[in-house]
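In what follows, chain A forms one complex with chain B and a second complex with chain C.
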Partner chain A sequence: MTSPAFLAMREKVLAAIEANPAVGPGSPAMLERMNDPARDCGFEELGFDSLARMEFCIFLETEFGITLTSGEVETRPSINAMAAYLAEASAAG
Partner chain B sequence: MNLLVEHFMACRTPADFYRLQILTECDATPNDIASLSRYRTMLPPEVSAWSENIRAMMLMQAKTVQPFRRELISRNVALYTTRKEPDAPRDLLLAFCGLADRLQVPVPVVLQHLDGSRFDVLLLRDPSKRIYLQGVPDYAPDLGLVAERIRRDIDLAGYRSVRSIGTSGGGWASFTVGAMLGAERAVSMSGKPPGPTFHLVRMWEKRGYSLNDQHADFAIFERLYNSIPVRSTRLLAFFGAGHQPDRDGAEAFEELVGAVGIGFRGVDDHNLMFQILKRQLLATFFDRYLTGDLDEVVPPPGERLLDFSSLEPPAARPDPGTAGQQALNA
Partner chain C sequence: MDSSLLVNFRNICGQHPERPALIDAQGVLAFGEYGAQVFRLAAWLERHGLRPGDVVGISIADERRHMLASLALLRLGCPQVNIASHDPPSARQALVARCGIAAVLADEGERSDAAPLIVPDFEQATSARAAGDAAAPVPGDEAVASLFTGSGTTGTFKVIPISHRSTMLQARTRSMVSQTGVEYVPSPVEFLYPKKHRLRSAVTGYTSLLQAADHSEIPEICRRFGVSLLRLSPAQAQSLIEVADRVPEGIAVYVGGSRISGPMRAAFRNRQTPLLYVEYGATECGNIAVAGPDTHERYPDGVGKPLPGVDLRIVDDTGRELPPDVEGLIRIRTPGMASGYLGDEELTAKMFRDGWFQGGDRGALTGDGVLVFGGRADDMMILNSINIFPSEIEKVAEGFPGVIECAAFPMRSPVHGDIPMLAVVGAEACDLKALMSYCRERLGIRAPRKVIGLPEIPRNAQGKVVRRDLSARASQGEFQ
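Let's turn to the complex of A and B:
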């Protein structure tokens, strides 16, 4: 889980979380965990709900051209799971 | 064809759809959602599923769609009304959205659970995400001026009463503007005085906002509230009993301005409105705490943690014997 493609996608996922008005880390400890690829942080603990998932998809498509549905976010419910999914999808073309 | 349906049919990518879905959840009337439902076969399956979900949430406690229409007053202020002329006296409900520009649940869902024959709803939002510390953008730059502007824009004397509700970051705005306008009661749902949270401060910093230090503690609210010459508004601060930050927020409201904190047992997340909605009790909650006689429904001090069963009509409550047996079986 430390390939360049994974880490690059993880940065994009973090950017989408940072820009999301409805969610975010509730404490410095959670922020630290969010930023550490060796650890992980679930979307639910960041406060994700259906609205936050839609905002997340809008940001990724608008900023990075990554097309994603809310359902795909729901089934990859953490930063690392989502980054791995996007890295895999990108590699598959 | 309905304009909203046309907008949805013009969407091309998931982001296009989601933008419009979010806008619809924040702005639409119950009739808008019902229209989407009528045209659902023309919509992409995901959009149709989403609109049917909103419609199902709307109709949890009522089968007839309430005919609210929306009158835009400013970019971030809209009046929802079912008024017909001539009409019986009505009440005005001020509604302050939280950070997500809604009332924790989609606006049409909230409207549908209110008594449309009684309430006009003035919906206000702060899309700058500064939780009303600088008022309502494009309307008035602080809450005192928001109250003044409402006085100019709305014929308050034409209403039987003014009441107020705010969710999350809108809770303190509900109390403040409600009291400034002499509201009979003001409600906060999962709100807290405007002390910035870790998440908020980071967001403000990233957006380059320069909120000076006077905004960074509860004092601004306490000073502002206590500067209101006549403070007769009854303040109710609802919270999920298992959600410590919201419990702390309600306690702060109690200490600072004498609000009555009321917690619901069994709720450990921030979204109290959704928790009430999913138990099919939102209309009942509104009837009791926005419309009902507060002397009858506000629990006495020391008993301010409620079970949801307290919202159910007596006939719907489980027989105490049966409930006890269920508890033993759990």
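Let's turn to the complex of A and C:
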């Protein structure tokens, strides 16, 4: 799970979390975990609710042209799960 | 005063033969000679086959010749359509087909599109040796004078027939600072806004200054020709703010087309002249309201009280009238209102209801009768079932330091509907990231999701923000 495509998508997911107006800033320990691809971090732990999921999707769409539904976020509820999903979708074209 | 356009024009020419009608590089053409040349040209056009009712395109960039041709066609009773020489051939051909154009009047060297060309010999046709007037009877009040085109909500252009009567009434309804004077609309006659005003001036005895100019030259030109009234597009007004030279004191500056932002108004008043008037109007209705300095002081988003003769109501979706200060759909009845669109019954039924024009603008009337513009009903964005009006976002963003002008628009999303975005023309110090937070704090979920700095806001010839363009660019990924 450290392919360049995965890591690139992970960066995008992190950016979408950082910019999310419906999610508060994480603690230093949380940020450390988020930034380590070897570890994972669940969206629920980050305080994601339905509004945060919507904002997450909107950010990915406006910044990177990635269309995503809130439902897809609910079913890939962590940074790594989401990054893997997006990398796979991107490879499938 | 007679409502007949031609009788009126003839009377002015007869009563004020020495008054300047047109001022251009060739000099002054007084009303007496202007009228004589118009009627001689009408006779020439008649000899060359034009008959009352023939729809005629005008593709003449020269200002004086264009106006002579335009008035001669009014005299003959030929509905006229501007076919701008700068338009691409496909657009010109579409106009010819859509309006049923029988012939196109063109200047020498013009190309032919889908209609026969008539190239008048202006020298000969207007010379004193030519016949004095056409033989055709003067057209009636209900004859179509012009076919104006405008952007349609459906993506195709709409064609608005304006009768002789409406042309005259719209000319009288427009707000003027004085009965006579020199009007300067620095845009070319081939555009709708300057064309309408040049015609209105001709039939109300106002002098038109025809002079192409860089925006930096406008103040000097106003001084040189004693301009009393300057009409600008929002973009021209914006450019003039940056010009060090000022327009002479006492000139009234009218800006039409759309709501002008508060900071832009303030900058214009500060840098140019306090006598700034913002007009609210529609091609279908003519001028509707005008807001001067006093109105803006009390109601920053006010577009003024309806002009005399204009009946204006605010209604809900069912047509029920709403009380003061409640925003709804604007309904208008003006003396010179059009009655529909050419060849588009569906759009006509949608916009013209029970004798009212309801074009999709939203607004509220204050207790003392000032119209406060609320945006376009059909510009409304829907983000996951949340209704968002661009004006709501723009109003907030305009309050942020460094924002000179801005336009909110949707990025169309297959998932979320309309994702609101904001295009900003900002001063160098304008911090776009901070602006986004600022909007989020004030608008919450209705805030723009992205703020983009642009050198200018795209507008159409009428000065309206072309949100569709911005949306298309967003969809193409230009703002990612």
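Please note the rule applied: the second predicted complex is superposed on the first by the 90 of 93 C-alpha atoms of A that agree within 3 Å, B and C clash if a C-alpha of one lies under 4 Å from a C-alpha of the other, contacts with A are read in each partner's own complex, and residues count from 1 in each chain.
One rule holds for everything that comes next: a contact is a pair of C-beta atoms (placed from the backbone, for glycine too) under 8 Å apart; a residue touches a chain by one contact, two chains touch by 3 or more.
Predicted model only: the values in this text are computed from it and were never measured.
When both complexes are overlaid on chain A, chain B and chain C end up clashing with each other. After superposition on the shared chain, chain A has more residues touched by B, the comparison being chain B against chain C.
In the overlay built on the shared chain, the residue A:67 is in contact with chain B and with chain C. With both structures placed on the common chain, the touch criterion links A:83 to neither chain B nor chain C.
Contacts of A:13 after superposition: neither chain B nor chain C is touched. By the touch criterion defined above, A:54 reaches both chain B and chain C.
When the two structures are aligned on the shared chain, A:21 is found in touch with chain B and with chain C. Legend: residue contacts after superposition of the two complexes on their common chain; A:41 is shown touching neither chain B nor chain C.
Working note: chain C versus chain B after chain A overlay, options 383-391, 401-409 or 455-463, clashing stretch identified as 383-391. With the contact threshold set out at the top, residues 21, 51, 54-55, 57-58, 61-62, 67-69 of chain A are in contact with chain B in one structure and with chain C in the other. Remark: chain A residues 21, 51, 54-55, 57-59, 61-65, 67-69 touch chain C in the complex.
On the side of chain C, the complex with chain A involves touching residues 384, 411, 413-416, 419, 421, 440, 445, 447, 449-450, 474, 477, 479-480.
The touching residues of chain A, when paired with chain B in their complex, are 18, 21-28, 31, 47, 49, 51, 54-55, 57-58, 61-62, 67-71. Listing the residues of chain B that touch chain A in their complex gives 13-15, 18-19, 21-22, 25, 46, 99-100, 102, 129, 197-199, 202-203, 206, 270-271.
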